[in-house]
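Next up is a structure, given as structure tokens.
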């Protein structure tokens, strides 16, 4: 496992997306998306509102299944298995590909119950293990010290930033390989945003992270790769440095320099 | 060591499918029930319809089962007369209460008032029936009849009449009309209200000129639902309309209704009479279905409006 | 706690679905056995079911109460529904006895293998208590109920329109009253016709008739003698006061039988119950209930 | 302005009139019935068909029929609502099913009664019994339960479902562990209103439960509910006093039930803020 974090080696591909088209009924939201998302790297998706980046990230763990009018063609392979294939178990997929949403969405339960919800569903019954898992997950998101005395209080009583970190901890407790983050800081104040960004840096070692963000500085600060979306198409994908310093497509440059969007 | 995502159908997914099937079964229970009800009511009533001839059954004016004569026009007319009179009394009152609740009363008082109105919905209909028989029927005879005699000196009533039935029915359908209309009026967007007031309209003009028209689909839906309740009401009406199966000439005449006739005669009915009562049930059923269709149409239009 | 309640809900859901399933399967079972079964397939073999006339119901209840006190092994279930229901329940095999508050009609005789007159009931002719009429003849009743007489002055009262109150069609009380007064007669083809005046107010029960007559001036109605109270005035018919004695002696003309009918030979327990009714103890209860003993 | 004055007087007059009618009905029943209610009335067996004694078996019968109706209708109603809101996809079949569910709500009780008699009592051979009555009445309350549960389900934010699904929970796990617990109050309100409906129903009960005046020992026994008892007492002229006493008790129960439903639905607002 350790060798994956070695930057010298060419990392494995986690997601292999080929010719992905997505329709909301008749409206085509994604056009021929081709992309490789690498293991144990942070990939940022940027682009103006409505460009399809949220739609895209929700495709990766099939959250779009919730919307009945969505139709998808093309292929998305996770670890080599087509996630739209017949033999794909969407539950196993989502267990491995966790997600953090734009607005913090803790369940109306206690802090503790929020964290153990996932593991319990996946069959963990041992009380001591669950306790350990709660502590570990909360420590990973640096929330443990803040909430250890109120584990059995409602999670909705936490502040927005704490709630979002709780949601990340909840996601980690299931031990995923990938974390999808859909504008995780857009509903938070700058201090809370900073904390989440620090958290992401600490997580990048062990997880593949895909993040949608409106904030280009954020993309620049935290990601290894950046992909620019426009009108449902991927304009270009490259190392973050390259995208920001020397974009090959003029539209990317226009967006990055703030000419539109 | 690495669980793949391509696990084949596990126990969990079998469980999921099973649960979905069960939920679907629950979902169609109501539909199956309606189908069964339709089959049993029609199955039991059709022979009588064929026997008397469909047209005769519908428009015949003589309901006299003992003499083998089954004309249901007086019953349908009775039901309609009582229902429409109840609506005439109930609609203005209901809308007035709805306006009062949503626009005039303070929130706390409104909650108490609303609670009171809902209580009206909870009182068993038998209780209404006896209240009607003991209080409303004599009141119609003692207070309304002298008034009517000023115009028509020959007027006569025992009090058991369309009017008495309608008064009680109006009270019974009030909760439906009030609570749904109130919802409709309160859900008119605040901007409409503000725009109207900003144009210099006063509160009364805003209510009658903007709020009620904007809420009209909701109010209409509440009226249709109330009408359904009125048509279907049995135990209360049975006691106060006199059950005379003759086409009524005035509001003070007694009438028999579809529901009352079924409830009253069912227990004693002989075979052919019983079939006829099921056939009366068919008529009632069709009227309710038509009303339902209208309600669906209205709610569809409501969807378009908003 | 929350979790438990949800679990319970789910358990209940499953159970009820199973129950529905079971329910859906039953008809084939019952129809297989139902044809040959003489009595209803109630789970308790010692249950005797009596269904029918609501006029007979109070009496049946009282008889059953006393009988079950002495015979704890027997359970007697008394249900209402009306005389027609009494016939129907025998046809459908829903009850051991059908109770009727009128004579069997000729077309119904096929249903009843045996009938027992357990009591008699006088039908009182009642008027509003403000009425100044206190005596009436059968012929006047006929004319009032067929609409020939419409004013109280024609029968010795003050000048006021008569408000006629009757029972619903099929009611045992109405049938009995109609036949005894001639309101129900035969036409030229020999078919039965009920000539009750169209404008008569119809009420569906004894109580409703009494209530209506008691609150409506100038009204006339009829009701079971046992149920008539002081809120209304009961008329003499042909000069005879309605009472148990006059009914039993036959002086008072308007009365009807309370019948039990059964579809085949009654089961042992059912037979024992009928025997009890005809015992002196049973007939004492009949009188206590306000009806007229037959033995 | 005369128009204003007129408008407000009419609105005030009609509203006060409505309130007055309500108070009159309740007041009258209480006045005639409340004084008759005593411990003996509640706990003793009736004698002479209810002319004397209490209404204990009737209370038990009411509870029994209500219980059976709820046990049948509640799980089906909740499950149906879950199906409609969480599982069904828009389509012709689902539209038809939903329409028929609405239709069931509009079917008059006398027709449900006729059906209950023809189907449960005669065709399925359950006889006049608690079971026949419970099944028939459950048809009446099913739409109430479905609607109130649906309304409650719709107020649960989509983000809860997304959160749960994204953790690898299945649809059912999400529904059962996250969504339904949020709907407790809404479902409870529906249940309470349904109880009110069953307790107050007469026509259906009369045609399907029979009306035996005794404590039912099994599902197949006939019994009587309070509303039917009240009707029989008054209609058969057995005892006006007892009829009013039963009516007063019924109204009291309805009062308590509506009060409870109100308190619970008032709490729903603050249950999960958005």
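Each chain gets a letter, A, B, C and D, in the order it is written, and its residues are counted from 1.
Here is the rule we go by: a contact is a pair of C-beta atoms (placed from the backbone, for glycine too) under 8 Å apart; a residue touches a chain by one contact, two chains touch by 3 or more.
Quantities reported herein were computed from a predicted structural model and do not represent experimental measurements.
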Joint neighbours of subunit B and subunit A, given as chain labels: D
Length of the shortest touching-chain route, subunit A through to subunit D: 1
Most contacted chain pair (by C-beta pair count): B-D
Label of the chain whose CA centroid is most distant from the centroid of subunit A: C
Chain whose Cα centroid lies nearest the overall Cα centroid: D
Interchain centroid distance [CA atoms averaged], subunit B/subunit D, Å: 17
Distance from subunit C to subunit B - Cα centre to Cα centre, in angstrom: 32
For subunit A paired with subunit C, centre-to-centre distance based on mean C-alpha positions, whole Å: 77
For subunit C, residues that touch 2 or more chains besides their own: 13-14, 17, 20, 54, 80-81, 204, 208, 211
In subunit A, residues with contacts to at least two other chains: 91-93, 96
Multi-partner residues of subunit B (each touching 2 or more other chains): 12-13, 22, 26, 29, 263, 266
Subunit A partner contacts - residues on subunit D that touch it in the complex: 89-90, 157-170, 173, 177-178, 181-182, 271-273
Complex interface listing, subunit A residues touching subunit D: 61, 63, 66, 68, 91-96, 98-99, 101, 103, 105-108, 117-118, 121-122, 156, 167, 170-171, 174, 180
Contact footprint of subunit B on subunit D as seen in their complex: 1, 3-4, 7-8, 10-15, 17-19, 21-22, 24-26, 28-29, 75-80, 82-84, 87-88, 96-97, 99-104, 106-115, 118-119, 123, 139, 142-143, 146, 170-172, 196, 199-203, 206-207, 227, 230-231, 234, 243, 247, 250-251, 254-255, 257-259, 262
Complex interface listing, subunit B residues touching subunit C: 22, 25-26, 29, 64-68, 133-134, 137-138, 141, 156, 158-160, 238-239, 242-246, 254, 256, 260, 263-270, 273-274
Subunit B-facing residues of subunit C, complex: 13-14, 17, 20, 54, 80-85, 87-88, 105, 107-108, 161, 163, 168-172, 184, 191-194, 198-204, 208, 211-212, 215-216, 219
